[in-house]
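Labels run A, B and C following the written order; every chain starts at residue 1.
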Amino acid sequence: MGLDRRGFVKFVVGGVAGTLFTPVIWQSLDDVSIWSQNWPWIPRLNKGEVKSTAALSKLCPAGCAVKVKTLGGLPYAAIGNTANPMSKGGVCPVCAGGAQLMYSPARVASPMKKVGEGKFEAIKWEDAEAMLVEKLTAVKGQEGKLAVISGDETGSANDVFSAFAAGMGSTGFYMMPGEMLTATKGVKLMGGNGQPGFDIAGADFVLMIGADALDSWGATVANQKAFAATRPTGGAATAQFVYAGPVLNNTASVSDKWVAVTPTGASAFALGLANLLIAAGAVSSAPDFADYKALAAKFTPEAVEAAAGVKAEVLKDLAAKLKAAKAPLVIAGASFGQGAGAVDFCAAASLNVLLGRVNVTGGMTVLPTAPKALAAAIGRESALDAGSFLSAVATGKATPAVLMVYEANPAFALPQAGEMAKSLGNIAFKVSFSTYMDETAAMADLILPAPHPYERFDDAMNPYGVAKPTYLAGKPVVKKPVADCKDPVDVLLAAAGKLGVSLGFETYADVIKAKASAVGADLDTLTAGGAWTSDGKGGNLSLGAAALAKVAPAAADPKTLAVAPVTRQAFGSGSLATPPANLLIVREDELTGKDLVVRMNAATAKAAGVTQGAKVKLTAGSGELKARISVNEGVAAGTVAVPMGFGRSAWDEFTKGKGDNVYKILTVSDEAGTGLKVWAGSTVTVAKG
Amino acid sequence: MDRALFPEGLERCSFGKFALWMGFITAFFLFGLYAMLLIFAKGIVVTGLDNYFGFGLWITFDLAVIALGAGAFFTGFLKYILKIDQLKNIINLTVIVGFICYSGAMLVLTMDIGQPIRAWFGYWHPNVHSMLTEVIFCITCYCLVLVIEFVPLVLEQKQLNKIPFLHHLAHNMHVNMALFAGIGAFLSTFHQGSLGGMYGVLIGRPYAFREGFFIWPWTFFLFVLSAVGCGPIFTVLCCTFMEKLTGRKLVDFKTKALMGKIAGTMLTVYIFFKILDTWAWANNYLPSVGMTFDQMFYGVIYGKWLMFTEIILCGVVPAIMLITPSIRNNPTLLYTAGILDCIGITLNRYLFTVQAIAIPLMPFDNWQFYAPNWAEWATSGMIVAYGFLVMSLSYRYLPVFPQEKMLNK
Amino acid sequence: MKAKEFNIKWGMVIDLDKCTGCGACMTACQVENNIAPMVDSSNKLRTLSWMLVFEMSNKKPCPDAEIAYLPRPCMQCGNPACVPVCPVVATDKNEEGGIVSQIYPRCIGCRYCMAACPYHARYFNWEDPIFPKGMEKALSPSTSTRPRGVVEKCNFCHTRLQNAKDKVRMEGGNPEALPDGAYMPACSEVCPTGAITFGDLKNPEHKVHELAKSENAFRLLEKLGLAPQVYYMSKREWVRKLGDNYAATGKPGAEKKHS
């Protein structure tokens, strides 16, 4: 039977109509909708058993005790560890995204050697280690030829690195700048020895001078927990918090009061308070009280207003509150965690002495010197600072041939960053032990990838700010690291063996075991997420009057603005660019597109002749920073607030070239009487651009 | 060379000239097509839309063309249901304009949604509570009605009409056109209203939210009225524009003035209620949610001048012009009033779309700015170009204007 | 319109006097819900932040300026503006607990819900979720990834509710009466100051039940009548005032409270 035209039409029409009554078309449409969800390039979820393992997440400077959630053995999230007495279940924003940082595109995948400007070649570990030994052999026994810069304040790795340097005949072990270095020197000026601590949990009135204690200063999460405990949700607050600093920052936002103190006015402000307290009857049994009293008398409310921009009535009110408080505590710190002098620390900390708040509950403490894992190691109190070292390199006073950089990023995170990077360039052979391709690694001759915290053993002795001796330790969460990396300490110990430098350990795990037993802690408890603390206390302190005699109110130059760098924990640190999981936290008034946004109040902006959104150049010496203006009333007069941690030149697509680096416009000066380098009082000129 | 295809007894420009014109328009069309394909390939990330402005130029464009295309259903209603016979002179044009507007709007909508591949979910998983569902249903159904209304006109093309089957088909469709006009009027009234309802139900957007009658917020009725208040005159403007382009008279001025009178009457009714509505909104509703009239506006691009332009200059003024016979009967003034009217309604749709979502409601939030980018302009331009193409072909080959022969003797 | 009522009403009380604005909640949310990092994260009009911390200011000049941080998850409104407008029922508030759901495979991406939501709690996937190489190994098993072109939003980490119910079921308890703290979204869990209290607003054994009734508690844009299930509290009056528009009375604390 043939098919004529009519038959064909009937067949087609009937077929279409018939099909419409079957589920075929509808089912396939439904499939299309499901299918449209499942394109091959859209990642699928992984399967496996969910577990959580305790870890010490040293991604933030203080380190968070976390529980790492794993799926089939692979980490995917970090939550707080409620069993840990330090962080009590809290996690900082950086450690909260720790699992994602394991897979950061900035991770160094394998050992690499430099083969040209900005060019690297992946090499095998044997070759890398041989190269390291060869370079080290050449400088063995020569003082000043080997230098080490460490950016880790708390780990026993410092013991190994400093002992190794000593074994190599060098005294060149340097720390990146931070509160710990300055404050320990400040304690010395007050006749003490050791690292200071602050018992926020026990205080009923907390005055934070500079210290951004609730976001980026000290053991942040522990501080936040202590703060939170005084503010039961729905109940009455049991402590008052006052923040005195140049920027209405995260800490100030939840404080009962923000006192706008100019970046150079902190010492005058503290001594002004001392003056009022003494006038109101405060006395101290410290031997130098008489000198202190005479000194403080110079800081009248009027003088403080001129030097720090704080109104007399605000100062008086604050002094009255400090006096009335049962357990007041003054936390001394730089507003961006570094760059202030030991004398500045002394000025604020002396208030605790004056108020009789040293080595008492809710007061300031001095921690006893921590035990060392290696006898030859350099203690915290005698550490040297990396900034001074690189300045010496710049002037030719120091001529190292080999530099080892551990968990530090001196090419980015030192004041006058441009010059520091140049000094670094002058060192013939640089080794970077780094997890990520940071600015320093990008300059290094040899990069030895370090494991991510979930992939290594590590510990933390007395994170800065803790009130009691505290020790934490962690072990790897994963069986195998994501990158072809080795623990830097293990690498160093192996090299030491080949160089004939006897350190007595084979692995970092052994070092930590030794440290734990020296401390008297049970390592298994620590690696399971616990913490060791003790009640050991250091000695008494004086008021530091001799050092404070050098405090002179800085004369402000009306043509310049004071720089107040602003730290936020979420943005990472000098040695960690903003992690991928934290990018959303950066607000539009901190970074817009590729432009850094700097803030100043309306009066300052008017005087500087700039308006909201204007492009500007901030210049200090040879350093220049490009930014946009945001007019914001949360900045002290005559001050420009600059977010810190931006303007990366290495790292990944998420951070490279975003914003500008404030370190470029921080200028170093010598602190009178202590020989310390300071840069908290940096000033800049503002020009439209 | 295509003379044989021209409508009976009418002159058209040379094929070369026509081809040049079509080529010129096609260039715009192709540019828009490129943008459209880019949007389908890369997603609407290529547009200027963002999280704060989920709706922008496209939705404004859609709403505006649907309002302006309302001439089709309303004229059809008057012609076929109320039997105003004079409207036969322009009814074909209203159908074509309506068809272009609706089919164009549908195309824009498929671009606008993030998952065009799921566009049919509106029928498959309809949410009966959503005004948008109603819009999806009514617009697609009405677009079909417009196709049905357009088909007999195509079939009346000189050569096609020689085929007896098609001739009879066209004739029978014409006979029953009242039925389709009725369905069209019903569907169209509803979706014009639902478009207004879409905004009126936005309880979280005080600029748009309105109380109402039963399930319909006042905007439902206002949108219907405003659409019929501008649709007819838009058709007149299209016609006049075509007359200027072709240099031929297509519809007598009497019919145009009648359309102006119809639009003017509806616009007057609309603007009366619009003013009442705005007054009640500003004085009763806004204070009830703690807001003020001033908070609804900001700076220049979100300034109050927009609302005054919409209601007074492009609302009250054209309404008065169109209902006043002496003004309406002056061609220049009629067209001026028509242009103002159309601008006013478009502005109304813009304000409900963009201003309504631009207002930062959380007091700590900020005004954000939206500027459509090239991709949105290009694709909107593509729809306009598409309209020009359809209209050019229709004019050249179809007997659109029954009076043309008589008027151009 | 009347708010939909359920026997269980999951909600939050966020103490703004405790929020330091550190952003850990945003990070934890991003990790839990598999939001891919974006190269230009500074373009807030295109980013996806189910949880977003806003900065509020008392707008006084220095040195009297004060700021507060306000974390904004989805309000899970009792009378949601977004649900009835969805043309394809891709979002619903039906299940016990009153969480406003979003069905990604159903969503057509029309963004009408986004236009409806005055809190900007809904986000559109402008691009496909592409993670840096290897980072897909760190995807959370809790939330499926969403393709480009659909709208997404906070769902109070809904998988955690399922997990909490499963756990209670296995232990022989009643999954419809979870104890306080058995179910917590990632943001609430991570917050270092415990600013986000989470629980069943209707269960007297849950802390949020009383907290929501505190005289310092308020809801964002209370006067619009969306009846959010997220409450805020602050002892600072200017903060409470910034939670809504008070043009008419000038005073916070609306009579419409506690629907």
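One rule holds in what follows: a residue touches a chain if its C-beta (ideal position, glycine included) is under 8 Å from a C-beta of that chain, and two chains touch if they have at least 3 such contacts.
No experiment lies behind these values; they were computed from the predicted model shown.
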Name the most central chain, where centre means the mean of Cα atoms.
-> C
Pick out whichever of the two, A-C or B-C, is joined by more C-beta pairs in contact.
-> A-C
Expressed in whole Å, how far the mean CA point of subunit A lies from that of subunit B is 60
Take the average of all CA coordinates in subunit B, do the same for subunit C, and state the distance between these two points in whole angstrom.
-> 39
Dist(centroid_CA(subunit A), centroid_CA(subunit C)) in Å evaluates to 30
Hunt down the residues of subunit C that sit against at least two other chains at once, touch-wise.
-> 44, 47, 55, 57, 106, 147
Residues of subunit A touching at least two other chains | 33, 36
Residues within subunit B bordering two or more other chains | 115, 118, 121, 124
The subunit A residues in contact with subunit C across the complex are 33-34, 36-37, 39, 41-48, 50, 71, 74-80, 87, 90-94, 96-97, 99-100, 102-105, 214-215, 220-221, 224-225, 227-228, 231, 233-234, 237, 248, 250-254, 258-260, 309-311, 314, 482, 568-570, 580-589, 591-593, 601-603, 633-637, 652-654, 658
If you look only at subunit C, which of its residues touch subunit B in the complex?
-> 1, 44-47, 54-57, 70, 79, 81, 84-90, 106-112, 114-120, 123-127, 147-151, 220-221, 223-226, 241-249
Once bound in the complex, which stretches of subunit A touch subunit B?
-> 26, 29-30, 32-33, 36
For the complex, which residues does subunit B have touching subunit C?
-> 43-45, 49-55, 112-115, 118-119, 121-122, 124-127, 129-133, 135-136, 198, 201-206, 286-292, 295, 356-357, 361-365, 368
Enumerate the contact residues on subunit C facing subunit A in the complex.
-> 13, 15, 17-24, 26-28, 30-32, 34-35, 37-44, 47, 49, 52-53, 55, 57, 59-63, 65-69, 104-106, 128-141, 144-145, 147, 186, 189-195, 197, 207, 210-211, 214, 216, 233
